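In the two assemblies presented below, chain A is common to both, partnered first by chain B and then by chain C.
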Partner chain A sequence: MNVGRQQGASESESRPLNTFKEITVDNDLTEAKRPEEAILRDLSAHGYDENTTFAIKLALEEAMTNAFRHGNQCDPDKRITVRYSVTDDRIEIQVCDEGEGFCPGDVPDPTEPGYIDRPHGRGIMLMRAYLDEVEFCSKGCSVRLVKFRKQTP
Partner chain B sequence: MTDQATRLKVKDLSGVSVVEFSDRKILDELCIHEIQEELSAFIDSKSSGKILLSFKNVDHLSSAALGMLITLKKKIEEKKGALKLSDINPQIFEVFKITRLNKLFDIHPSQEKARASF
Partner chain C sequence: MNESDMKRPPGRDQAFGLRVERWDRGAVVYATGSCTMEVAHRLGETIREVADEKRPLILLDLSNLEFIESTGLGGIVSGYLRVRRYKGEVRIVAPCPSIRHVLEVTRLTHLFPVFETLEMARKSPMVQ
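Let's look at the complex of A and B:
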């Protein structure tokens, strides 16, 4: 799992891990709420607006559900680790499962005619739509989510 | 019809079943299975296929809710019925637009407009 510095765009360099908080939960949908609650508290403490809160809540829900269902295969003996950093300029979250990984490129576009009426497959699309950066590690068992605070003109 | 154990409030208005959630709701993976079961059982019980689902009490949702709606829509249409949605707040409507599901579902700004369109 790649949690190190990202090559390329200077505005998206990951912060050192020692600035992150970490919560590990059992692979359980109720337990999966605990990281969300902690992150939302930090968002509130840093005065992030409702739109940002909605975006983070949605994207994190999608990432946690994917970790629970697809990564960890609903296995209660597995765990999900969430590392997060909320600062005045951005929110960065890493969601890590204990699964075999996958290739995000294999996930079809859920807006395509053959897929639009399928009940699943929209999580990654929604993460990408609401966040500034969504990056999977090379194996696919962790995802890094970043949202920058919008500058008011 | 409101039952303490139910998550739904249903009223029949001129042959249209108007379904609301009984309290402020976050439609996410954790609760969607039970809500889907309840809605599915309700659809099975209906002879009239005009169903309006109001999002008046919905604060937040995830893609699990969208999947539920797609499944329910298919179920209703198999019974030659119709499903419409109403009272979706702008933030949640944006989720429908991003996923292009605003084209798949018949969405109206209010219950009155939705009922009139059946």
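Let's look at the complex of A and C:
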């Protein structure tokens, strides 16, 4: 298993899968909006703020784009499965593709001087920047995204 | 919050829009709404088209853009690379705080200067 966890993030326990909702879509970027819209509706219902909604939308778009393009290689016969749980204290999402997987450690840091003017390669970095936990599983065919509700003092 | 936002259900995007205004030595590309994964390729295509007209200054007005993801960012970078072939510049204008944060966290503010207004971006001298 290749694990790319955000450095310094505390590792939270995965929730039982039976508490998750699941949506499977064709490998198509327009179809890929369906789980995003459902998850953002749940965020709104749970009263999450604009910044959290922006972060989840951004991370999910990056995960779906990676699944569509790099995982499923734009193959229209493949599918993307999204499992998600939105509660009052946290949001957890798993995005799974049907590709060959990859090693997150092989992806260069797009903020380094030699890579900053490259048009591609910012998706994983953005997920890590905006979420509390980002974990790749199943040889890179699945990514688990977690964000906690910001505690107000 | 404007009227269209109030009618928009949670999770629904504001439609992505692109408009170009040209003048003798440059162009303003207005990007509006949500630059999401299924439409983001259009941003880079538009900037590259304008760059190929060999106008040295491209101003990217983001004042009415509410969301952008990495394909859209990559499109701006590809436009920047194209305009540099002609010794030109891409300048970002008036991003909202959340878009500005995306530009800062990706360090793209090191590639593109960010201006508060179109007028300031237009009048600032060319670096090259």
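In the analysis below, the second predicted complex is superposed on the first by the 141 of 153 C-alpha atoms of A that agree within 3 Å, B and C clash if a C-alpha of one lies under 4 Å from a C-alpha of the other, contacts with A are read in each partner's own complex, and residues count from 1 in each chain.
As a convention for this text, a residue touches a chain if its C-beta (ideal position, glycine included) is under 8 Å from a C-beta of that chain, and two chains touch if they have at least 3 such contacts.
What you see is a predicted model, and the numbers here were worked out from it, not measured in a lab.
In the model built by aligning both structures on chain A, chain B clashes with chain C.
In the superposed pair of complexes, A:R149 makes contact with neither chain B nor chain C. Of the two partner chains placed by the overlay, chain B and chain C both lie in contact with A:P110. In the superposed pair of complexes, A:E61 makes contact with chain B and with chain C alike.
With both structures placed on the common chain, the touch criterion links A:L43 to chain C but leaves chain B unconnected.
Contact comparison for chain A: of chain B and chain C, C touches the greater number of residues. In the superposition on chain A, A:R79 makes contact with neither chain B nor chain C. In the superposition on chain A, the residues of chain A contacted by chain B and by chain C overlap at 29-30, 32-33, 51, 54, 57-58, 61-62, 65, 68, 110-111, 116-120, 122-123, 125-126, 129.
Against chain A, the residues of chain B that register as touching in their complex are 28-30, 60, 62-64, 66-68, 70-71, 74, 91, 95, 98-101, 104.
Against chain A, the residues of chain C that register as touching in their complex are 9-13, 36-38, 44, 67, 69-71, 73-75, 77-78, 80-81, 98, 102, 105-108, 110-111.
Of all residues in chain A, only 29-30, 32-33, 36-41, 43-45, 50-51, 54, 57-58, 61-62, 64-65, 68, 110-111, 116-120, 122-123, 125-126, 129 touch chain C in the complex they form.
On the side of chain A, the complex with chain B involves touching residues 29-30, 32-33, 51, 54, 57-58, 61-62, 65, 68-69, 110-111, 116-120, 122-123, 125-126, 129.
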